[in-house]
Structure formats: structure tokens, C-alpha cells
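The structures come next, written out as C-alpha cells.
In the two assemblies presented below, subunit A is common to both, partnered first by subunit B and then by subunit C.
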Partner chain A sequence: MPDWIHRLVAPSAIVITVGAVPCYAATYLTVEQAQKLCFPQATGFVNADVKLTPEQVKAIEKDSGTRVRLPTQKIWRANAGDKFLGWLIEDEVLGKHEFISWVLALNADGSIKQIEILDYRETYGYEIRNEKWRDQFHGKRHGAKLKLDDDIKNISGATLSCRHITDGVKRLLSLHALALK
Partner chain B sequence: MPSRSNSEIRRCRPLLGTFVEITASGLDDAALHRAVNAAFAALERIQNLMSVHDPASELSLVNREAADRPVTVSRETFAVLLHADTLASESGGAFDYTIAPTLARWGLLPKELERKAPGSWRQVRLLSDDRVRFLRPLAVDLGGIAKGFAVDAAIEALRAQHVTAAVVNAGGDLRMVGSQPCTVHLRHPSKPQTFGQTLSLRESALATSSPCFSQRTWRGQKVSHLVNPTTSQAITGAVSVSVRAPECWLADALTKVVLNAPHVADRLLAKYDAEAFMLLV
Partner chain C sequence: MKTIHRLLVLALGIVSAGLFAARGDENLFGYTYTSDVLPKGKWEVEQWMTARVGKESGSFLGTDLRTEIETGLTDHLQASLYLNYNYFYAHDAVASDGPLENKNFFGVSGTSAEFKYQVLSPYKDSFGFALYLEPGYGTIEPADGSRHQEIELEGKLILEKHWLDDMLVGTFNYTLEPEWAKNEGDTAFHVALKMEGATGLAYRIAPRWYAGLETRVQTEFADADFNRSEFVAAFVGPALHYGTERWWATLTVLPQVWGWPDAQGTGGLTLSDHERLEMRLKFGLNF
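What follows is the complex of A and B.
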């Protein structure tokens, strides 16, 4: 350790001791709370769940360039009396290490109104225990160069990137265009 | 003045390329939600102005045109550029906001920035009336400071709505207000699923930089989003620097000074009433 580190780190120095905390999780909103936040003027939310046909799944995947993991989507129509205000779509995405449930609120014309995260969980532990993940290492020759991203799935990299939500938004906008209009 | 209450709300949105979490308390629920909405709006405004990934941002306009003519920018963008320029000068270039072409070459920033030559902060002129001029074609990237500035803007928005206790955390760059101390866990730089010891902070900001989270291989060479401006080499390895400072833009930017030039960092940390925590594995 170079000597300057000692100078920088005051007596209150923090030295990492690896704890056994396997993951981080936070719950922000229930769906009902998110409904009220996204459409404060709404007087009612009518269930409008969609079960996508295989053709619709294919079309959404082609249009958005993202994969549709679940064919059923929880959706509500927000109304103020007789007036249609917009859609609220509940979704979940799996990031590299995170599992996130979230909602996308769309205005009546299909433009984005709001995004709120409902629940965020990090899932490193799962991958470590997961046999499929461990199997990736089997058959690797000793000394074979393991390249991150190519050979090992989802263990390195920016743990806090929100790219998966961005992909989710693309997918739900396609869903709206192809299955909700 | 909205009525006082003991409730606390916690919300999260994808912004600034990460997840921004806001915790607020001290008012009734409806007033807290309104305040948090205003804070998210402030963050979104900074993102729209200063994202280097968004071709429609003000910063992208500056990068396209400031070498040809002075470009007038918003009060906020000019404030961040002034902060960046001051720290670049005071750190002798250890904090440099013109490393974008290098990062683009490594695939960490949009491809079109690669065409610019790696410049120097010395070739950026900040003129009267919030105008910016480059002395030669170069590209500015405020990634090392704007996230912290956005956190500060969100805190200002919460204060303007009379929130008395709050934490804004943008993917690890955070700031808190309130009389009670808050506990912050530091992520282990090479094993991000685990946390090290905790810090207890009050009325301050904390930012962490570590190459661990962005490290990758480019043409057989290890690269990250952290660049030493004097050598144009990436900072790599299992190291992580956290800086506590009064404001988040300062904490954010000072992490780079500590990583690049520890000999300069001592003086700057003292000047700005900041302290650094360096984690090695």
C-alpha cells in the first residue's frame, strides 16, 4: 500500500470488512399508491390486463428490439368520470443483479407521463447459488481466458445502471402501439 | 406552510443513467409527494441539459458548436462548467472535464465524440453572459460532476417545499438534510453485493468513484470511466474512493482528484472542508 493512503485516510478511516449482507432491497410504492401519484385526478382505475398472443409477442419484440419475458401484462385504464386519462402498466425487469417492479403511466395519446419504481431488489446471491450460472465454468479449460460479458453472464459491470428500465419503456411503448390502441 | 407530520416517504425513479432514490419526511404525505415530484423534476431538468448521451441536450450543442462560435447556455450548465473549471485549475488538471474523446474511444461514451481530439480544460473559455467557447474542437463531459450537481438541485427543490429531513441518492452520489445523522453503507469495490463498514453523516454529501463498476477490456487494455488526464490512462483495479463534502457536486468531483492526484487532494480536501475514504482490496 503506497504511503499516501495513510495520509488521506484520517483516524476515522474506513477499512472495508466484508460483511455477509447478500443483497439490497427497497420497497417504494404499492400499485395503488402509484396509481394515485400518476393520475391524481382519476376517479377510477379499470382493469385492462392483456394476454399477448404469440404473434403479438413477436411483433413487440421486433418493434422494440427487446425480449418479452411475460406474455401477460397488468394494465389499468385511468378515468375521471367518463373521461379517459391514460394507461398505467405494471411491469418487471431483471437487470444484471437487480429485480425491479415498476410502472409506466401513459397519457391518453400514448406519450409517457411518468415512471415510478415500486420495488428494487439486488440478487447477487441467486446467481452464485444458481447451478446454471455455475455450469458456465464447467468445461472451461484450465488457463482458458475468461472474458467478462462474453463467457460469464451478468456478474460484472455497473450494478446501478438503469438500462433495463430504458429497454422496458421501449417494450411497453411497442405494446401500447400494437396491443392497446 | 404545510402541516408537520411524522410520516416518511421513499420513492425512486430511473434518472441520470441510474436509480435516484429520494427519502423525505417532516410534512404530511401529500405535501411530501409534491416536494418529491418537484425534486425529480429538478433532476430531470439537469439531465436534459447536461447529458452527453442525449444529442438534444445543451451540452451536446456546446460540443458540436462551441469550437465555431460562443454558445449561450443555461444558468445551471454555466454554473457546472464554472465549478468544473475551478476544480480543474485548482487541481492542476487532476480533475479534467475534457476527457470525453478518450472515453468514447473506449466505448464508454457516444461514438461521435471519438472524432474530437482529446483536449484540455485550458482550451475551454467561459465568457460573460453564460457563453462557452472552445479554442479548438474538443468535447466536454460533465459526468464527473453533473450528477452531484443534480443531487444538490434536488435538495434545493425539497428545501423550497419546506421539507426538513431528506436524502437524495443518485446511484451512490448522495446528499442529506436534517438534524438527525444518517447511516451510509459503502459498497465493496470488487464485490458489490457486499457492504463494508458504515458512515454516519449529517447535513453533508457523499460521492463514491470506483473503476470496478465500469471496468472492461478494450483492445487488450483494461479501461474504465475514470481517466488520469495527465497520462490518458484508465484508472483500474480494486480501488474505491468516497468523499464527504458540504455539497454533492464537490464530493463527486473531488473523488476524481483523490484517485488521480492524491498529493494535490490533501490541500483541496482541506480547502473545501471535505474528507476522503479510500478503500483498497
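What follows is the complex of A and C.
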């Protein structure tokens, strides 16, 4: 065997050890920060987690057309004194490599107040954090189409993330209609 | 040094080269293509290493190495450029159609270009569909490492379908590839037509990890005559993929499970144009 191949072994081992590009997670908001951002006038957030029954899971899946991965959903009621402001629901959806953590804020009437991305660790598609893309969901209610390239614009290179967040919004609107109202 | 040792040393070398490669679009499978394309203006570099081992007897290692740079020309069209090079080692190797010359050399074969156009997205439409074209020029015969001139034009239809919220990915490729080859001493190019059906099925077993299965069935027609099949070879094996925000790696191991003709001219394993086992390791880096 040629000598040059043997000479590759030692430097290769070193290169593999130090040359690997590390991946990094990007956490943009904690849940507490997202609570304050979504409901700046709130004076308190009361835990209102929901553990879905199998029947509720089936009903939400049928209504939204998406799978329920987490039967227990972390939810908070946002209050300003005695006044009920709305709901904050924490969720995660599949990204290309990792999960995308995000929250959905609903007004007291069930319409979408806003969505916020907590963690995003994918190669492309950071634009889903842009206010312009997230604003597309503002005001939508249970029953809205919520379809990519229709009422929700896609982001090229992040179609999977956009699709899953959009499906997640649809699923949580179904959850609100069937389990929180 | 035994064949497997040579393989490991070469793998280490290629891993090193691959880590400094630029970035590219993510391949869940070693052989089967998905319909994804790079977004416009994004770049990727990939390093491929395919090791083919095992003829009828003796030692044989054919290594196909490719360095690829890829970019998104539009949001639906990506283009790539490849540099193709090989390492061959053969000692007392006998193929199904006879003995091979002893070999121990590294050589640059040639280049190819690749164009992939996404017609449908598996994330937005019922299934993904892409068209693929790869013209190439090579000077090393992959079967035995001999020198020749070859022009090829590979065309593919790529179909992709997802299930379980994109956790299960299935893909099918149909490939038709005319080749014009001239061996040393020939005065004219001879045409052959390669045809292949390949499938891949991968499941997201954990964040960043996909595991699955690939299959390939390949045949070639001499003079592009459908009545003159030169071989049929079928491969089945596991695929493993790991992807992060910045880089990814895929390993597929494909043993030949059936082939024609074998050394007796019947069905068994066909070990002239193919080997008993192929392994492909690919790395991609995004920027």
C-alpha cells in the first residue's frame, strides 16, 4: 500500500477530534419571557395544564387533521387581577433535526393573539421567528384554513418547519375548542 | 495490509477531507435521492466515499470518491459540480467473467454536473417529485479500475412520500443512463443503457437520527438494446443518518443479494461489474 495512505492515519485522527463542526442550540425566549411578551399587562399566570383523555386526543386529531404527540399540554391562564386575558400554551413540533419549542397565545375569545418561537436549531428557516411571518396567524380562530401557500406564506428552505408550526397552531386551536372552552 | 484495513485508513482520510468541505443539501440515504433542493443562494459541500469489496476470489477494493459543491439556483432548482476520483486495490482477484489485473493505484477519473428540479414538495403537496439530470465524463472503469473514456447522461425521476408527521420518509428513484464508452485500443465509442430502480425508507428514531433500509436493482443493456441485458444486480441494506444544524452524515451498507450472471452464467451473485458488498459514507456541511 502506498506510504501516503499510512501518513493520513495520524493527522486524520487529530482532524476528526478537533475539526468536527459543533452544532449549537439557539434558545431565543424562555417560557417566562414569552408569557410577559404575549401578555404584558398580565399580573399573574395560573397553571392550567391539560391531560387529554384518549377520546379527546382522537377528537383533536380528527378535527385538526394532525397527530397529537403530547397528551399532556402545558397551559397557563393569563390574568390581570380578576380579569381573564387569555391562554398561553407551550408546545413543540418536529423540525428537520430537533424539536422546535414555541408558544401560542390566545385571547379570551379564542382568537390568536400571537405566536412566539422559544427554540430553533435548524439549518435554514430562521425567518419563522420574524414578526412578519408570525403575524400571519394573528386573529385567526378555530376553523381557519391554516394551509401553507394559501392563507399562510411558506419560507423557502424551511417548509418542514413552517408546515409543522402551522399544523401545531391548527391542533392547539382544536384543543382550545374541545378541551378548554 | 488486509483489504478491511485499507478501507478504514481511506475512510479516515475521507472523513478528514469531508469535515472541511463546504455545506450542501441533506441526504437521508446513501444511494436514493429525495426531492428536496437547496434554497436559492445557499451552498453546500459534500464528500462521498463508496467502497466496493469482494469478487469471486482474491482481494478487491474499488473506492469511488466524490467531492461535490452544490448551490440553490432558484428555490426549486439546485446545481452541483463533482470531482470524481478512485482508489483501486486488486490482488489475485477473479471476477465472474475471469481474472482481473493486479492493481494498487489512486487516480482522478473526471467530473460531473448535476441538476435537480423540485416539481412538488412532500411537505406541501401529497408527495414530493423531482427531475434529475447528471452529465459526466470519466476515465476510470469502476468495475476493474482500467482506463477508458466514458460520457454518461444520467436521468432520474424522484418520488418521495412522508407519513407520521414526516417521521417516516419513503422515496423511489427510477434512473435511465445512456453511456458512451471507449476502452483502450478501441477506435469507436460503444453505447450502453443502464437502468435502475431504487427505494429508501427511513424513520426518525431520535432527534437528529434516521435509520432505514435501501434497495437497488440495476441492469445494463449493451448497445442500448433491450434484448441484450448484460447483468442484473440487486442490493438491500441498512442506512443510518445523523444530521445537525451545520453538518450531516449518512452511511449505507448494501450487500448484493442476487445477481445474474454469476460465474456459471446463471443466477447467484454477479461479480464482474459489481461486488459482494458496497458501503457508502457521505458528509455534508452547510453554510
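Here is the rule we go by: the second predicted complex is superposed on the first by the 117 of 181 C-alpha atoms of A that agree within 3 Å, B and C clash if a C-alpha of one lies under 4 Å from a C-alpha of the other, contacts with A are read in each partner's own complex, and residues count from 1 in each chain.
Convention: a residue touches a chain if its C-beta (ideal position, glycine included) is under 8 Å from a C-beta of that chain, and two chains touch if they have at least 3 such contacts.
Quick caveat: nothing in here was measured; it's all calculated off a predicted structure.
In the superposed model, A:Arg67 lies in contact with subunit C only, and not with subunit B.
In the superposition on chain A, contact is made by A:Leu37 with subunit B only, not with subunit C.
By the document's definition of touching, of the two partners only subunit C reaches A:Phe99; subunit B does not. By the touch criterion stated above, A:Ile117 is placed in contact with subunit B alone, subunit C being left untouched. Of the two partner chains placed by superposition, only subunit B is touched by A:Tyr28; subunit C is not. With both structures placed on the common chain, the touch criterion links A:Lys58 to neither subunit B nor subunit C. In the superposed pair of complexes, A:Ile165 makes contact with subunit B only, with no contact to subunit C. Counting contacts by the rule stated earlier, residues 1, 5, 8-9, 12-13, 15-16, 19-23, 97, 122, 124, 148-149, 156-157, 159-160, 163 of subunit A appear in both its interface with subunit B and its interface with subunit C. On the side of subunit A, the complex with subunit C involves touching residues 1-2, 5-6, 8-9, 11-13, 15-16, 19-24, 66-67, 69, 94, 96-99, 121-124, 148-149, 154, 156-157, 159-160, 163-164, 167. Listed in rising order, the residues of subunit B touching subunit A in the complex are 10-15, 17-19, 21, 33, 171-172, 185-189, 191-197, 199, 213-217, 242, 258, 262-263, 265-266, 269, 275-281. Interface residues of subunit A, counted against subunit B in their complex, comprise 1, 4-5, 7-10, 12-23, 26, 28-29, 37, 97, 115-117, 120, 122, 124-125, 147-149, 156-163, 165-166. Interface of subunit C with subunit A (complex): residues 1, 6, 9-10, 12-13, 15-16, 19-20, 23, 26, 38-40, 42, 72, 75, 89, 104, 106, 121, 123-124, 164-167, 204, 207-208, 243-247, 285-286.
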